[in-house]
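Same chain, two partners: subunit A is paired with subunit B first, then with subunit C.
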Partner chain A sequence: MLSILYVILTILGSIIGFTVAPLVDGIERKIRAKIQNRIGPPLIQTWLDIAKLLRKESLIPRTAKALFIIAPAIALAMNIAALPLLYYGAPNVLGFYGDIILILYLVVGSSLILSLGAAASGNPYATIGFSRKISLLIACELVVALSIATAILKTGSLSLTEVILRTGIAPSMIIAGIALLIVTYIESLRLPFELTEAKPEIMGGIFVEYSGRLLAFAELSHILHRFVMTLLSLDILIAPLLKLVFGVSIMGVLMSFIILMLISILVLIVYGAIESLCGRTRIDRALIFTARLMILPIISLILASIGV
Partner chain B sequence: MARINPPFKKSPWIFHLNTGGCNACDIEILDALTPYHDVERFGMKLVGTPRHADVILLTGPITRESKIKVIRTLLAVPRPFAVLAIGSCAVGGGIWFDSYATIGGLPNLYEEMRHKYNFEPPPTIYIPGCPPRPEAIIFGAAQALGILKKKVKREVYKED
Partner chain C sequence: MFGAILAPIVVLLISAVVSAIMRIRDELAHIPSSVLSAVASILMILSATYVFIHGKQYTSILGIKLCMDGLSAFYALIVGVVGLGASVYSIGYMKRFVGEYSLSWFGICYSLFLLSMYMVPLTTDFISFLVFWELMTLFSALLVAYESRRPEAYRAALKYFAMMMVGAGFIIAAFAIIYNELHSLEYAHITLPPLLKHVVFAFLAVGFGFKAGLAPLHSWLPDAHPEAPSNVSALLSGVMIKMAFYGLMRFLFLLEIDFWWGITLTLWGAFSAIVGTYLSIAQDDSKKLLAYSSVAQVGYIAIALGTAIALLVSPYSRILGSIAFIAALVHIFSHAVSKGSLFLVAGSILYRTGTRDLNTIGGLAKYMPLTFAVSLIAGLSLSGVPPLSGFVSKWMIYATTLGSRISLIALAAALAMFASILTAAAIAKLITSAFLIERSPSYGKVSESPHSMTLGMLALSAMCIVIGIYPISAILPASLSTSVTLAISSEIMLESLLIHPAVVIIKSAGAFAQFSSLAIVLVVGLGALIISMLYKSGLRRSVDEWLSGSIVEPTPRYSAVNYFSVFKDIYGAVYRVRRALIKGISEPLLVLYKKLSTAYEFEQRYSTLVLTITTILLALIIVLTIIGVI
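The block that comes next holds the complex of A and B.
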């Protein structure tokens, strides 16, 4: 009985994540509009954009390689595949031993394949975006990998559910979660770090040659990636606490499911509000900032190795 | 002719294309994009590449120097899309309508592209004025999207 509820919650969470992530983008745009004292687009604007792009022609430049065409679909598939592997307040029955490594691969791989596809378009602006994205990706994913290594070292398990169920309140996990939360902001390419798109500077960067359906896939996978990363960092940061407070009974699981979803949406909205107050930085400064951020997961790794 | 219900009615992404104008229309376009007029409430977004564009805001009389670039830009836009010809120059050449240095407005470009590139002209809204007011630009955009009805219709004069 309980395990059926777990499966239902995981699938429900994945579906909610898929539908709500673009809506949260709409809420962010609404908040940005309110800060600038205007009405702003409707909440479903991002879904409308995607629906429109799906109905438009997809042009393929002469210089493009085959990877250019398949990359957005692969990136979208990787992000959708990562959704049901996450922890939605209930022990994930769909998970397996080693799924935390798979999540890491899917998260890194989706950004990587998207930028590789852009580089295959042959456009110089896309190449600049690609080089920036790769430098940012190397810096960011090191932090992500170290934070997840902390979780693995702390609990001695390679399964995300087991990591969360076994942890309790540990300083090392909290520091790792905070590092993940900050690196999520950087990696989801929000404004001070929106270097790979940079509309006024490199004309949309990695997305410059995409049009129609391919662009819709790329945008959707980009938005889903934000949600997946946010939920992953909240899984490390808050889910152990929720499990400690509510337990794994029916009511407790439902409560922690609702709270986890609400917090992840709230975090995305706060990110959007921060974004509307920032201007764009330079790639070297972004790299230095990310390199300084590396101190957090290193501390958490040391703490985890001495068993705190 | 303007389509009544294009797929981009709810989320037109606009691309700003100056074809050698004097910049006055461009300043008015930027004015139309400010928070004061708030075109994002129609879902409009300024994009940096023609590949993402649904509506092309074309200003200027299309100088000879810029002609080939304009043609390549229009060919790079995925269909369906619409064009707003903004300002007297884009509509019919303005005071440069018979200058050797320009081709005299968008209709002449369409004529040439139809013959040379087999290019079927997209729905086009002409917004005269030197420069047109931002309200006029937004009004024209709303007509192109089918939000508002056109107030004038095409009439052809025939001699008896």
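The block that comes next holds the complex of A and C.
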């Protein structure tokens, strides 16, 4: 009975993640508009955009290689595949020994393949965006790898569900979770770190040549990526606490599910609000910031290795 | 059936003789040697398969006892697979040198190089091991110096040979200590006093570390690998540097392994992985980039082997340790095929455009679509993208290292993950600047590489896909050889693994666990297919690229030099430390040697260095032998 609920919640969570992530983007746009004294688009604008883009024709530059066309599809599929592997407040029955590494691979792989696809367009702006994106990705990945290593070392499991179920309140995990949450902000390319698109500077960077259906795939993939990363950091940061408070009974699991979803939506909204208050930085500043951030996961790894 | 083992030896000897005879028609000399080497490679694969099915085989040749057990068979398999690809590739590639350098000489060296690599794992005593080990070094050095009129190649070969001599000195010292206790030259288990045991480990690790190219003993590698002809580079990077791990696997387990050996190897491997990838993303020379990436990848193998040793010490983690050992072997296989193909790709680019400089080539994808496909498959495999071979092996390495619950190993694993994304960046640099980014070419229109070259590359890169989709094809031989080395039944190891396309899972409870990994691979594959179909059904139009209205011309746009420049500045501690070390240690040393021998040429300075170190080592060996006697 309980395990059926677990399955349902995981599936439900994935579906909600898929449908709500673009809606949250709509909320972010609304808030940005409010801060900038505009009325702003309706909440479902992002879905409307995607629906419209799906109907538009795709313009393929003559210099583009085949990779340009298949990259958005692979990136989107990777992000969708990562959704059911996350922890939605209930033990994930799809989880297995090593699923954390798979999630990381899917998340990083989707960014990588999308930027490779952009470089395959042959456009110089896209190439600049590509180079910036890879630099930023490497810098962020170091923080992510160290944080995840902390979680694994602390609990001795490579299964996300087991990591969460085995952790009580541990300082090392909390620090690792915070580091992940901050790095999520950077990696999801929000202002001031929106360097790979930078419309006024490099014409949309990696997205410059994408249009029509291909742009729809790329946009959706980008939005899902934000959601997956956010939920993953919250899984490390908050889910152990929720499990401690509510347990794994029917009501407890339901409560955890609702709270986890609400918090992740809230985090995305707060991120959107922060974004609207920022201007774009330079790539070197962004990398220096990420380098300084490394202190957090290093501390957490040291704490975890002494068993705290 | 001893014929199975001897057949490749005979064929390769014939190949060397035929090459020597072909001196009279030098422009065709590469064809018989390449074809015969390819045949010998197939025979190696067959003999390895025979051993996997029927178990250990003994034979002897000229009084040398040979034995092919699981571990040697695994190495014979790798030599065979990469040798096959490289030999087929040679048929086309060696035309590059017609009239310039002797193809007959190449044929002799190439056949004997393959032969020595095949023989090293077959030996059963220390002396013949050393003989074939040195022959392997000799013939590979001759092949590195193949373009002997180019001073770079000559210098690289000398540097390589010099450093290998130092490495061999350490190995000999270790063997001397073992022999002193064992009083027999054949491999046998031995119990050494604790101090001596650690000394043997240190000597073996450093000695084989030179051959493996583990940083900071790697400096020969990025010189020698690019200077060799590309088919040889594939063998050097794909197979030869892994022979060092054969040595470690064979000899370390003769002793009683120690926990701290494992930790040392793991941390050393992580260091090598970071240094290798860092230097790799900074290269603008296609083959240098790949060579530095090899420094990083041997680091991964060292991580896996070190983890295996650390875990095997405790009886509770023997199974996980043996899986780490399998991971090391699978990574050896997977890196052999992917790096092998990438060196062949670099060779094809060199063949068609005449340059290795990534700043001057670009947009080759439309001229060389098959080469591009190979580079994409092998490159993604090297970066560890599913469902390719690199993912399988790296996955197993992460699963065992992170699952070990030893904090130093977990740290190494986190660094390895970071190195993994740096590898992806290096490969992205190679692929984008050579194939994707448009640039005004200095070489005009080029065509796809000749058929034999394409065939060789495709065969090797196909192995990346085969191992990725049927991981058992690499894991079964690896587990058979592991069971021989560690005396754990391969059934027990295989039972603790769930093997799916692209994903190998260490067994744990969970009803859906068996399906989910498979499901993920399917979801990504099918999802991408469906989404692509969706695209296909939509409207499309071909247009010029958007350049904000400026005139479209394929000017030099984004040079390889500029890649990750900001990253290299800010995360450049590795470069700065390296520069400081070169300034602080290497340069004063060179100045010192210059003063000692002002009249000497550059190469001679190296030989002085070697002479000094060998003398010290010999003295050390004598001292240690005496201590051993007492």
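The working rule: the second predicted complex is superposed on the first by the 308 of 308 C-alpha atoms of A that agree within 3 Å, B and C clash if a C-alpha of one lies under 4 Å from a C-alpha of the other, contacts with A are read in each partner's own complex, and residues count from 1 in each chain.
Throughout what follows, contacts are C-beta pairs under 8 Å (C-beta built on N, C-alpha and C of every residue); 3 or more make two chains touch, one makes a residue touch a chain.
Since this is a predicted model, take the numbers as computed values, not measurements.
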| item | value |
| --- | --- |
| Room on subunit A for both subunit B and subunit C (clash or fit) | fit |
| Which superposed partner A:40 touches (first subunit B, second subunit C, both, neither) | first |
| Touching partner for A:69 - first (subunit B), second (subunit C), both, neither | second |
| Partner chain(s) touched by A:138 [first = subunit B, second = subunit C, both, neither] | second |
| Partner chain in contact with A:209 - subunit B first, subunit C second, else both or neither | both |
| Partner chain(s) touched by A:5 [first = subunit B, second = subunit C, both, neither] | neither |
| Subunit B versus subunit C as contact partner of A:269, first or second or both or neither | neither |
| Subunit B versus subunit C as contact partner of A:58, first or second or both or neither | both |
| Cα-centre angle that subunit B and subunit C span when viewed from subunit A, reported as a multiple of 10 degrees | 110 |
| Partner chain(s) touched by A:95 [first = subunit B, second = subunit C, both, neither] | second |
| Which of subunit B and subunit C A:81 touches, first, second, both or neither | second |
| Minimum C-alpha spacing, chains overlaid - subunit B and subunit C, in Å | 5 |
| Subunit B/subunit C common contact set on subunit A | 56-59, 125, 203, 208-209, 212 |
| Touching residues on subunit A, where the partner in the complex is subunit C | 3, 54, 56-65, 67, 69-70, 72-74, 76-78, 80-81, 85, 93-99, 101-102, 104-106, 108-109, 112-113, 115-116, 119-125, 127-128, 130-132, 134-135, 137-139, 141-142, 145-146, 148-149, 152-153, 156-159, 203, 208-209, 212-214, 217, 283-284, 287-288, 291, 301, 304-305 |
| List of subunit B residues in touch with subunit A within their complex | 7-8, 10-11, 13, 35, 38, 40-43, 46-49, 51-52, 54, 76, 78-80 |
| Contacting residues of subunit A [partner subunit B, same complex] | 29, 33, 36-42, 45, 48-49, 52, 55-59, 125, 199-200, 203-204, 207-212, 215 |
| Subunit A partner contacts - residues on subunit C that touch it in the complex | 363, 365-366, 372, 376, 383-386, 391, 395, 398-399, 402-403, 405, 407-408, 410-411, 413-415, 417-418, 421-422, 424-425, 428, 431-432, 435-438, 503, 505-508, 510-513, 516-517, 519-520, 523-529, 531-532, 534-535, 538-548, 557-558, 562-564, 566-567, 569-571 |
